[in-house]
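Naming follows writing order (A, B, C and D), and every chain is counted from residue 1.
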């Protein structure tokens, strides 16, 4: 997962990119980078506030930026990437994965090409460079038509800024008007926060070119076949972001409601695992009549401290704190969006039980993950893929819950069908992959 | 406001103090300091994670620490303070205010004493030094019996660690057993998080001495007259902290319920101003039947960034984000614990209205602040003290709300009477001050 | 100007490179970089001690490093450069210039190649990649045989470390044996300092390959035609460095002696402009009988301070300080190796005169620079090229000296002929360029 | 050893103090501190350029500063010290030692006084505070008349800046006029560098007060009995500093000449141990006719690096480098001002011998140190006090020299008598202490 940003014709582009990246910081906390105007850049490991400091300000009114999670690339391969080509200088920031990147790298290398990083992004730049066109714009279109990938991209060229989405629209991308210029961001919340107008979701299979003295030019390079990543709705995106005009918080609430619909379980209290489980818990609470309670506190000062990380258990126990006055003697339904590591959920269940809960049901408002993702989500961090009911039973015992509820694939699909979202990818849940 | 910590006979006291201070970081984000063992110290401006880094580790098994808000003292006067006296070396960390500090400083100076800071804490050290006793312990008792003040203190001496609370118990202080040693903290949540046992609330008017090979020794220096700061319950303390065995989250919920009881107002949604208004909003929602909704998102990555602070309006707008899918067309009750700056609430109301809310009622689950605080709370940051209904009306208009509900002093008092808390100070609400 | 380092089969290669770069820090203070073992790197602007810190230690027993002056490339283009190719990963650190770099870049780009930097070094990597050989070693030889350039290079490949010098040997390069491994450095002083044995000056037109379990393998790729940069002797290299077995300090002394031989001027005192003019002044003093005096002190703490640089005059005045007890009432001969900026010399002459000197002769122990350098020396920083006696007269007046002595081209050449150095480039003095 | 600075009525006092401290940085590299105007301060460990950065600029037109060596006090006790007293706020920076500090601290503590540091400086502040006068000026005079000490001080009070020297004038202190204000510094070179006029050496036993709209007011508090530290001339002060109108470089040259006079030894080359031995070597060379040679190079980039310090031998070998082309086959006289650690000189002698020197004579242009210093020089760092000829013989063998020449006490005294210096302390050489 990553987040990307672009700015065209706005004063102090550096500061604007900083602010946009701050709004999408949740999409990547490992590294941040920016390239402004004449391709000068600032990059570094860590949070936006630590990398894009005031002292490093670069003047200029156009640029692109990136925040990185971790999927691919060692820590010193921080985007955006910049290259000098016969068709001009080009900088690229990328959210997504190229499925057949290894073959494409080999193909480029076999004709003598060199790579300065291990990033897929550099494959895109090479394809731009070898495209059989003189025009940079046509070269980009050719490149995208050749690459099988999940990507949202911002591209800064000497003569334009471009934003592109693959034909499945797996990763999100938006742009909005700001004074006399434009701002691009992975999520619309960032554009609203900054005060953009006419916020537009970029069509899958198109590139939008921003050039001087013109309206944005939309060029289609592939047929649109919407397969937007459903996990963006479930987990990644901010609750105030919308895709296809549908709000993520509302979808999460509906998923929580659907979970109750499937299991019909009531209790003394619905307790969200903060912050990610809040919306689903609210939905579950409202439809079930079981009151939402503040049973688990989160310490927001924890997380980047150097000393603490002794072991996972201690970290979780310092980050989350159970409220025994709320939990003592109660039957509790604990709601979260997904289980990434069973170890964390096990510690939470332990804490809730130590605080006096009589019965603990864990409710997950998405289905079990049974397949890996090739489009930019790091499923390698998931301790295990859960393919059968037998494994769910084992997981329940491992985490120590009295009950473990997962949303069914069918129920999950129904929520999206009803929501108005045009088409989603659920590959990691149903092995039905678009590419 | 400040937070304090102490450690006696626990390995790696530095790391333990770090972890305790991290749990009470909400009590002060301006500066942090620690003194370990042989009175070596680390101090600095900023958050605990930035000041008490791994590289600065000091070996030792006893020490004290401090996080600072801002009330008194320029930024280079960071606690703990250390002094060399005829009775041994002594380090002190202090949460509170000495009411007649200026006279006491003058008294000391008139006999030739010098002050290296402007902190009240140094007055305490001087009184310890001039006390007509040879024994450090008796000297401390003498000092406390002479000082009219609101304080919770941790004191590290060559031969002991001590924790003390003024006779009114205005500021909180706890200790707990940890393996073969003891840990002291401003709030019990920090002790639970770290795994302490036998957590004890220190009696107002007593000093607890921790020495080798002994149980803690409790010495009373003044008659107990409980007047615990009610604002700790309303705002300062963490929701998982307890005072007098009463949970702060539960009190906030009760205050929210009492607010509904007084006004009887229902609407389409109760929206908490996160994070401080959440507990009260939950109480209001549960008793009124008006559903709690997630109408205002908070970006936890914002707050310490260098570039952004252009003006207050932009900061608030980047930090808090309204959810129009939740708010559009709705009658909304916005709940917060207090109004520190009307300017912030004004911006929030504006944002809620822009997101489409039809009617906005602001509900505050404490009474209007009509007097200043002399016991450690910085009321100077409050834009104005609100002494009359006329002024409440003006404030309502300023912030742009359709209605503005404040809890009555009577209702506020009733909640505390019912809660089981032994005695609270409400001086800033009713001008009835203990000292 | 730059300095380069390489390490093969020596424990803690990172620390060794650090120490080597520290010894050749005078060759570049703008930036430093290192790549160790599996191509992990540390890079940054500033001095070696600030960039290659202890905390950033990378384990491994082979690596290369670089310190940079400024000639080519923006500040974020710090060497070594690393690339992934079909023939393996390769990292390169480079001291020198490619004369026809622009054409070569264009040639590569025309076949679709991309450049991630503006550095000449990347051209070398591209030629390595496109070389019509599978073997990395043969590819390197092919690349060097195709490139018209002044370069000394260290190259780290998956399977070897290599060191190469262009056929003219314009830039220096040495290696030495260290325990069971080898160390490479721009100057032999660095190898001696670290304790190397069997220190060898690399032959112009050869590559030396270091591989496991073997002696270094020397491969000639071009006929040797020695044209070593005479400015290395005059200015760049450390006084304890030797080229062709000839010590730089001794050459500078001989140049100072030759200057006296040409002008025959005596005075009360010979005063060196520290540190660069010391050796020449010593020679001048010894042969003329005019005593060397310590008339100009240098403050070594100055130079990297943030506040000071108000203007050049104030900087020079804080850095250099005249000793009036030495200078007052004296006829003084001020000796330096060259005049880079007349503005600096003008300030020095002013200071010497204010300190009471009666007559000031400036003696430069190299000829006037009349042409630019294409082999890695930044002549753009020289305020003006001095092509005629008329201009020397104008310069004398500008700097305010009573006399200005430059060494003649003939005298300069004679010193080198007599010194035993095999062949030097004096292109910037006589316009006779080798490439 | 320390260095002190003061500024009265000069714009941007912070920057001026920065520049003054940079000129006297050689007097202390462990820590630096500054206090400006309203007693705001910046302090830190390390060099001036790293502590007094541009970002920490404090506006104001008066202030004091300090650089610290190490003698007394742990590293977090950095000067200037500031205190609040009945007579106003006062900040003090101090160069020197109070001989009976322990008794005086005890005396203050017995009447209840507390100390926040272990610095002698704080004793001075206490005496100022307890002085039986209301007037701050009279209080200072009283304090100085009561304290037996070696000190030079700058004192910033709410209503004046003061500079004071003990009656023996053991440590140096100067002031000069700058525009409409005044600057104070430990050495006159700092004042000349900055452009001061009317530079005045402060009379031993006086305080100079700088107040608004007045000329400096000189107040004598004790009879003048000049015993200026002769080691300032030999080692500490910069070569371009003068005391009693006598230049330190000239004195060192005379000491070198005297050394030749006493031993009459000639050789092939006189080699200075840079930088400290240069002046003495020049004197020795000129009077003996033995040519000065550049046999030992110093790398000025070494010294503050984190990685290197493996052991003393390696550090010295990286810092100093012998020039074998100069030394090979020669009889060498190595000149330094003193031997602080025999270990360093031993390594130097080893290096010179490895470089081929046939015979090595070490010449020290001061007598053997036989007693400790109580006036601010850290003799504890000297490995041993050398009290007899027998021990000199042993030292010669330890360092591996063929001959070891020390200047006689008689010869040393004669140089000072002839120089025009009014009276010096040679206590560490002849055990004749003034206090």
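Keep in mind that, in the parts below, contacts are C-beta pairs under 8 Å (C-beta built on N, C-alpha and C of every residue); 3 or more make two chains touch, one makes a residue touch a chain.
Only a predicted model underlies this, so the values are computations on that prediction, with no experimental measurement involved.
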Neighbouring chains shared between chain A and chain C, ordered by label: none
Interchain contact steps from chain B to chain D (minimum; 1 if touching): 1
Separation of mean Cα positions, chain C and chain B [Å, integer]: 61
Between chain B and chain A, distance of the C-alpha-averaged centres to the nearest whole Å: 36
Chain-chain contacts as defined at top: A-B, A-C, B-D, C-D
Chain C - residues contacting chain A, complex: 40-41, 74, 76, 81-86, 105-106, 109-118, 125-126, 129-130
In the complex with chain A, residue positions of chain B that touch it: 15, 18-19, 22-23, 25-26, 47-49, 52-54, 57, 189, 192-193, 195, 238-240, 242, 247, 249-250, 275, 278-279, 282, 286, 291-294, 297, 299-302, 304-308, 317-318, 321-323, 325-326
